[in-house]
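Once you scroll down, you'll see the structures, which are given as C-alpha cells.
Next come two complexes, and both contain chain A; in the first it sits with chain B, in the second with chain C.
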Partner chain A sequence: MRSPGGNSPSRAALPFTLPGDSAGLHQPKRRSWERRPHLWFILPALVAYGILFIYPTIRSFYLSLFDWTGIGPIGKMVWLANFKELLHDERFRKAAWNSTKLFAVIFVLQNTVSLGLAMMLNRRSPMTHVYRAIIFLPVVMSAVATGIIWVLMLDPIIGIVNPVLRDIGLGSLQQEWQADPKWAMKMVYLVQFWQWNGMAVVLYLAGLQNVPEDLRHAALIDGAKRWQVFRDVTFPMLAPAFTIVTALSFILIFRAFDLIYVLGGSTGAPDGATLVIGVLIYGEAFGTSSFNAATRMSYAMAEGVTLFVFLAGMSGLLIRVLGRREEALH
Partner chain B sequence: MSESFLGTRVSRRSIVKGMGGVAAASALGAPLALRTRGAAAQDKVELTIWGNHPEWKDPMEEILTAFMEANPDISIQLTEIPGPDYNAKLQTAITGGQPSDILGDLEGNILVRVAAGGELPFIDLTGKVDISGLTETARTQVEVDGKVYGCPLAAYTVGLAIQNPIFEKHGLTPPSTWDELLSVCQALKDAGETPIVLGAKDWVHPYFMYIGLASSVLGPDGFAALRRGERQLTEPEVVAAAQLLLDLQPYYNAGFEATDYVTAKAIFANGRGAMMVAGTADFTGFRQVNPEADLSFIAWPGPEAGKSATTTGLELLYTVSRFSSPEKQEAATKFVAWLATKEAQQLVSDKIALPVHKEVTESDDPIRAQTVAASQGGDVAVWYDLPEVSDSVTAVQNNQGGLWTGRLTAEQFAQEMQAAVKPNPDA
Partner chain C sequence: MSAKHGRRLLGGIVWHGVMLIVCAFVLIPIVMVVLGSFKTVDQFFDRPYGLPESFDFFNYRKAWDEANIQSSLRNSVIATVCGVFFSTVFACLASYGLARFRFRGRLGLRLLFVGGLVVPVQLIILPIFIMFRQIGLLGSLWSLIVVYSVFGIPLGVLVLTGFFGVLPKDLEDAARIDGASHLEVFWRIMLPLTRPALAAVVILNGVWMWNDFFLGFILINDPDQMTLPVGIMAFRGTYSTEWGLIFASVTISVLPVVGAYLLLSRQFIAGLTAGSVKG
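Showing the complex of A and B:
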C-alpha cells in the first residue's frame, strides 16, 4: 500500500509514532522525569551543589545573626549587631577599599595589556601557539606556589629582583617591595594580574576570532585608519568577551584569597596595606596563626554574607548593563 | 547467537551466567575476607595524631615509637600540619566530627571550650591520667573545675637566640640590659651584620618581643598586678618597652615588615643575622635548616641589670577525641597518660622542647639547659595563655604594623595594648 502522494510507506505501517499522530495521543501520559531524562544526569551534581554550596550559604546567613566564636555551642542571637559593627569596622573598610582598588587596576590592565596581547596573538605566526601557551601558563599554576615564588623573588635579602636591578645598572630602583606600604599593594596588583592575564587574553582572543575579517577589510577600504577600525569595528564586536572578562574578574578579584594570603600574610602586611576581604574573612573565622586561636566565626560569616550580597548584586548589575551595551552595539 | 571460545561454543547466556557466578562468589567471599582482615586489625588499634610543627616530625616519630614499643597493641600515625594552618584545620575537623583520635588542642583552648559550655570535643580523663607530676603551668591548662582533660606535649620558653660565631667574630658578648642591646646592635650594624632578624609579616615575632620586653619591666609580680588591674601598660616605664621596639627598627633585617616567621628562621639559622626572637621549640627548626648552626639562648635583656625576663608557654595540649570509637578512646587515653609520665617527658626534653614534668630537669640538649638557666631570672606565662591578657595577641596583630609605618607612636601602641587587657581582681 502506497501513500497518495509518493512512494513512502503509509503512516499505519510505520514502526513508530509521528508527532501529531492521533494514535500517540492515546498513549499513557509519561511522568515528568520520564519526559526529561537529562534531569537524572544533572541530579548528582545538583545534590552535591546543594550540600556543599546552597546549604552552607543559607546556614551562614543564619549563623551571622549570632555571637559565636566557632568554638563550643552557638552563642546568643544578636540579630544584626554583627552587620552594624561591620559598618564601623576600620579593617573591613580598608579591606573592601583594597579589593575595590585591586579590581579597578586589574580591570584597566585586562582591557589594555591583555587586549593588546590578544590582538598580537591573533596574527598568524609560527610562534603564536608557543606565546599563547606561555601567557596562559600562570592561570593553571597553583596560586600558593605562584605566591611563594613571587615572595622569594621579591625578598630584599634572598630575592633575585633587587640583585638583577643592581646588575643591570638600575640599582636606584631597588625597593623593599613587600615591606614598603607604598609598594606592597602594587606588588599584589602585579602578581594578581600576572596570574589572571592569560584568562583575559584567551577570552579576548576567542572574541577576536569571531570578528569577521570582511568587516575590517571593508572599513579599511572605506578609508578608516587602523585605530578607527579597532574603535568602531573590532571593539564593539568584542562586547560579549568584554562582558565575560569584566564579570569574571569582578567575582575573582573580590573573592581572591590564596595568592594574596601568601603575599601579605594573615594581616595584610605591612600594616594592612595588602589586606583584602578574602584574607580578612579567613583570619576572623579561623584565627591568624597557631598562636592566635581567637576567632569570631559569626562575625566572619556576617562579612561573608555582606560580600555575597554585594557580589550577587553587582554581578547582576554588571551583566545587565553590559548586556544592554552588547545589544545597543549590535 | 554463540561465539567460539578456545574451541568451545559459548553462548552469550552462558557468559552472563558465568559473570553472575563470579559476582555471587565475590559477594560470599567478601565478608569472609573482611572477617580475616578484621581479625588482623583487632591485633592493633590504629590511632591518629596531629602536630603543628612539621620540623618536629622526626623527633615526634621517635617519641611515638617509644610509646608503641611499650604498647605493641597500639599504632599511632602522625600528621604534621604547618602552624599557621593548624587551628583552621582543627576547628573544621571538630565541626565535621573528624579530628585526630589523639586531639591536640591549642594552649588556652581547653579553658576557653570549657568556659563556653556545651559538648566538648574531648572526653573527661579524670582518674585515668595522673597529672600530679606536671608543672603548675601545665596543670592549669589541662585541669578545669577538678576535671582532667589531657596533657601538654611540652613547654617552650621565649627569649633571644644568639648566633655565637657572629658575636665571637666581632668580640661582642650577648646583652643583658637594654642599653647593652642597643650598643651591641650598633656595633653589629657598623660591622655590616644584620643585628636582629625579625619576621613581622605574621606578627608572631613582634608579639613575643613586646611581651618579653614589657615583662622585663613588670617582672612576675608586676605582671600579676597588671592582670589584677593594679598596673597599666600605659605607665611610662612600660611604654618604654614599646619605644625600644621602635628604637631597634634600624637594626632589623631589610624588609622585616613583610618577612614571615619561617623565612626569618631560615635567615637566622643560616647565619645572616646575629639575634632573633626564639622559643625553645625553634631550635629544632634552626638545626634542620642548618645542622652546623652554633647557637645559644639568653633571656630578654631588662631595662637595668638583673631584670631580664623570659615568657613560657605550652605546646599542643593532647586530649582524647570524643568522636573516636570507645576502643580508640581507650588506646588514646593510654597515650595521654603515658605522655604525663616522667619517662615520656624525659624523651620530650631530650628530643623536642622543655618538659612539663617537675622531675625532669636535665636534658641532653645544651640549649634547653641554657633555657632553664635563663628562665630563673624572671619568667612569666606567655600572655595569651591567661584570660585577662589573652586579647593582647589580637591587639599586637592589628597594631604592630602601625609602629613600623609611623601610624602609631609607642604611647598609642601601649594604649591599644592596655585596651585589650581585661583586669580581674582575683587573678
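Showing the complex of A and C:
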C-alpha cells in the first residue's frame, strides 16, 4: 500500500495532527490519507485508546513522583521517594509475598489437578461434554458471586462446611475458616482455584487433542512405561498449552482484586492475612475504611507502576523463555 | 478376554466416579446459594444445609423492590451492551487496519494495543478517576460505559488481528478490482467471514463486563447507577445479616450469564479461551 518516495512534509507528519494545523497543505494531505487507508481503520480506536488508556498510564507514572493524597491541589514533587519508601514498606512486602504465594499454589494445582483432569477428560464418552461444561461453569460466574457463595460455605454459623463436619461426627475438624489467619489465605487459594480450574482444564484439554494418539501408542508398544510416555511424549507436546496457562494465570493473579476483596475486604482481613497487591493499591488510593480514610494517591500509583513494570517484564520473559522451550521441544 | 473386559468396566466406574466428585465440588456451593435464596433468616440457623421450607420467592420480591436489583439489572444490561458494542467496533476496525495492510510501525502499534493487557486496572483507573472527577463524569453509568468501551479494545485486537490476518488476499483483491472501496471490502466481505472470532470477542468482553466489580465500584457511588456486582456488594454492607436477600440477588445476577452459557456452552468455552489460544 505504501508508495515509494513518501518524504513530503505532510506525509512525514503524524497522522493525527489536527486538520487546521496545516491549511496550506490541504491538497497533498488528502492524497496521503487516500494512500494510507489503514489509518482510517485504526484511528477511531487509537484516539479512544490514546485518551483513556495510554495517556492515563503515562500520567500515572508522572503522578507517582509526587507527594499527593489525591484530594486538592497536587503536592510537591518528591521524585523517587515513593519508590524508595515502598522497598521498606512491610505491608507492600506482605502483599507482594501473598500474591506470589497465590500464584505458586495455583501454578502447582494447575499442573497437577487441572492437568490430570484434562487427561482424564481426553477420551470419547457421551458424558465428556457434560463433565467439561460443568467443570468450566465457575469461569463464567462473577467474582462477586463466587466470593459470596464461598462466604456462605465457610461461614461458621450459617455455613455449610462446619455444620456438615459436625453432623457426620468430624466436629473436631471445624475451623473459623475465614477469621483464623492460619486458614484465611488457604481459603483464598481454594476459592481462586475453584473459579479458574475449568479454564486450565479446557486449555490443557485443547492441547492434548493435538497430541497424536499414534505417537503415544507407538511409545507404549516400544515398551515405554505410562509415566515415561507422559514425561517424554505428552508433556513436551503440551508446551504451548503450558505457556498459555502459566502466562494467563500469572497476569490474572497479580492483577486480582474482586474475589479477594469480597473474601477479605480492603485490609485483607483477618489481620492482613489475605492482603494482595491489587487490594493494597486500592486501599492506599481510596482509604481502607470509613475509619481510616487517609488516602495516598501518589504512593498508590508508585505501587501500581511497580506492579506494571514487574508484570510487563515478567510476561515478556515468560513468553520468551517458554516460547524458546516450545521451539526446543519440537 | 473377560479379565480385560472387567478391567475396562472398573476403569469406567473409577472415571465416572472421579468426574462426579469433581462436578459435585463445582455444583454443591452453587446449589447451596440457590437453596439459601429461598430461606428466611431463621431457617439458616435451623438447617444450614437443608432444603428450605418452601420455594417461595419472597427474597426475590424483596430484592427486586427494596434492594435496587431492578435498577442494577437494567444498568448492568445497558453498560454491558454499550461497552461490548463500542469496544468491538473499535477493535474490529483497528484489527482490520493492522492485519490487512503493510505499513511501517504496524507491529509496534499492535503491541501498543495488546500490551494494554498487562497494565493493572488498579493503576490505570487512578488517573481516570482523577480525570473524570475534574470533568464531572464521575458517578454516572456513562463513566463506566466509556471505560468499558476502551478497556475492551486490547483483548479484541489480540483475537481479531490473528483472525483477520489469515483470511486469503485473493478475496480482497477481486473485490478491489471490481471497484469496491476498502470500507466496502471490510464490511461486505471480510466482516461476515470473521463471525466466529467476533462471537468470541463479544462473549469474552461481555462476560468480563457483566461480571466486573472493580471498575464500577471505583467510578459509581450513586445506588441508582450501580451495576449488579456493585449493587450486591453495597447492600451486603448494609444488610449484612439478610442472607436470603443477598443470595437471591446473587442468583439473579448469575442467571443471565449462566443461562446463556448452558444454551451455548461450546461457543462460550471456545470464546473464553480464544484470547489465550491466539496470543
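We adopt the following convention: the second predicted complex is superposed on the first by the 279 of 330 C-alpha atoms of A that agree within 3 Å, B and C clash if a C-alpha of one lies under 4 Å from a C-alpha of the other, contacts with A are read in each partner's own complex, and residues count from 1 in each chain.
Keep this in mind: contacts are C-beta pairs under 8 Å (C-beta built on N, C-alpha and C of every residue); 3 or more make two chains touch, one makes a residue touch a chain.
What you see is a predicted model; the values in this text were computed from it and never measured.
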- Would you mind checking whether chain B and chain C clash or fit side by side on chain A after the superposition? clash
- May I ask you to decide whether A:Arg59 touches chain B, chain C, both, or neither, giving the answer as first, second, both or neither? second
- Query: Is A:Pro236 touching the first partner chain B, the second partner chain C, both, or neither of them?
  - Reply: neither
- Message: Applying the document's definition of touch, where does A:Val202 land relative to chain B and chain C: first, second, both, or neither?
- Response: second
- Message: By the touch definition at the top of the document, which applies to A:Trp194: first (chain B), second (chain C), both, or neither?
- Response: second
- When the two structures are overlaid on chain A, which partner does A:Ile134 contact: first (chain B), second (chain C), both, or neither? second
- Now for A:Gly70: first (chain B), second (chain C), both, or neither, which partner does it touch? both
- Message: Tell me the contact category for A:Gly323 with respect to chain B and chain C: first, second, both or neither.
- Response: neither
- Item | In the superposition, chain B vs chain C on chain A residues touched | C
- Message: Going by the contact rule set out at the top, does A:Ile157 touch chain B (first), chain C (second), both, or neither?
- Response: both
- Message: Applying the stated clash rule to the superposed structures, which of 93-101, 129-137, 183-191 or 201-209 from chain C runs into chain B?
- Response: 129-137
- Task: Kindly list the residues of chain A that each of chain B and chain C touches, one partner per complex.
- Result: 70, 157-158, 282, 285-286
- Residues of chain A touching chain B in their complex? 69-73, 91, 151, 155-158, 176-181, 184, 264-267, 269-273, 282, 285-295
- Task: Would you mind writing out the residues of chain B in touch with chain A in their complex?
- Result: 52, 83-84, 86-88, 91-92, 95, 106, 108-109, 112-113, 116-120, 200-204, 207, 253-261, 263, 267, 272, 384, 390-391, 393-394, 397-398, 401-402, 404-405, 407
- Contact set on chain C toward chain A in their complex: 15-16, 18-19, 22-23, 25-30, 32-33, 36, 44-45, 48-49, 89-91, 93-94, 96-98, 100-104, 109, 112-113, 115-124, 126-128, 130-131, 146-147, 149-151, 153, 157, 182-183, 186, 207, 210-214, 218, 228-229, 232-233, 236, 243, 246-247, 250, 253-254, 257-258, 261-262, 265-266, 268-269, 272-273, 276-277, 279
- Message: Considering only the defined contacts, which chain A positions touch chain C in the complex?
- Response: 1-2, 36-42, 44-46, 48-49, 51-57, 59-60, 63, 70, 117, 120-121, 123, 125, 127, 129, 131-145, 148-150, 152-153, 157-160, 163-164, 194, 198-199, 202-203, 206, 244, 247-248, 251, 254-255, 257-258, 261-262, 277-278, 281-282, 285-286, 297, 300-301, 304-305, 307-308, 311-312, 315
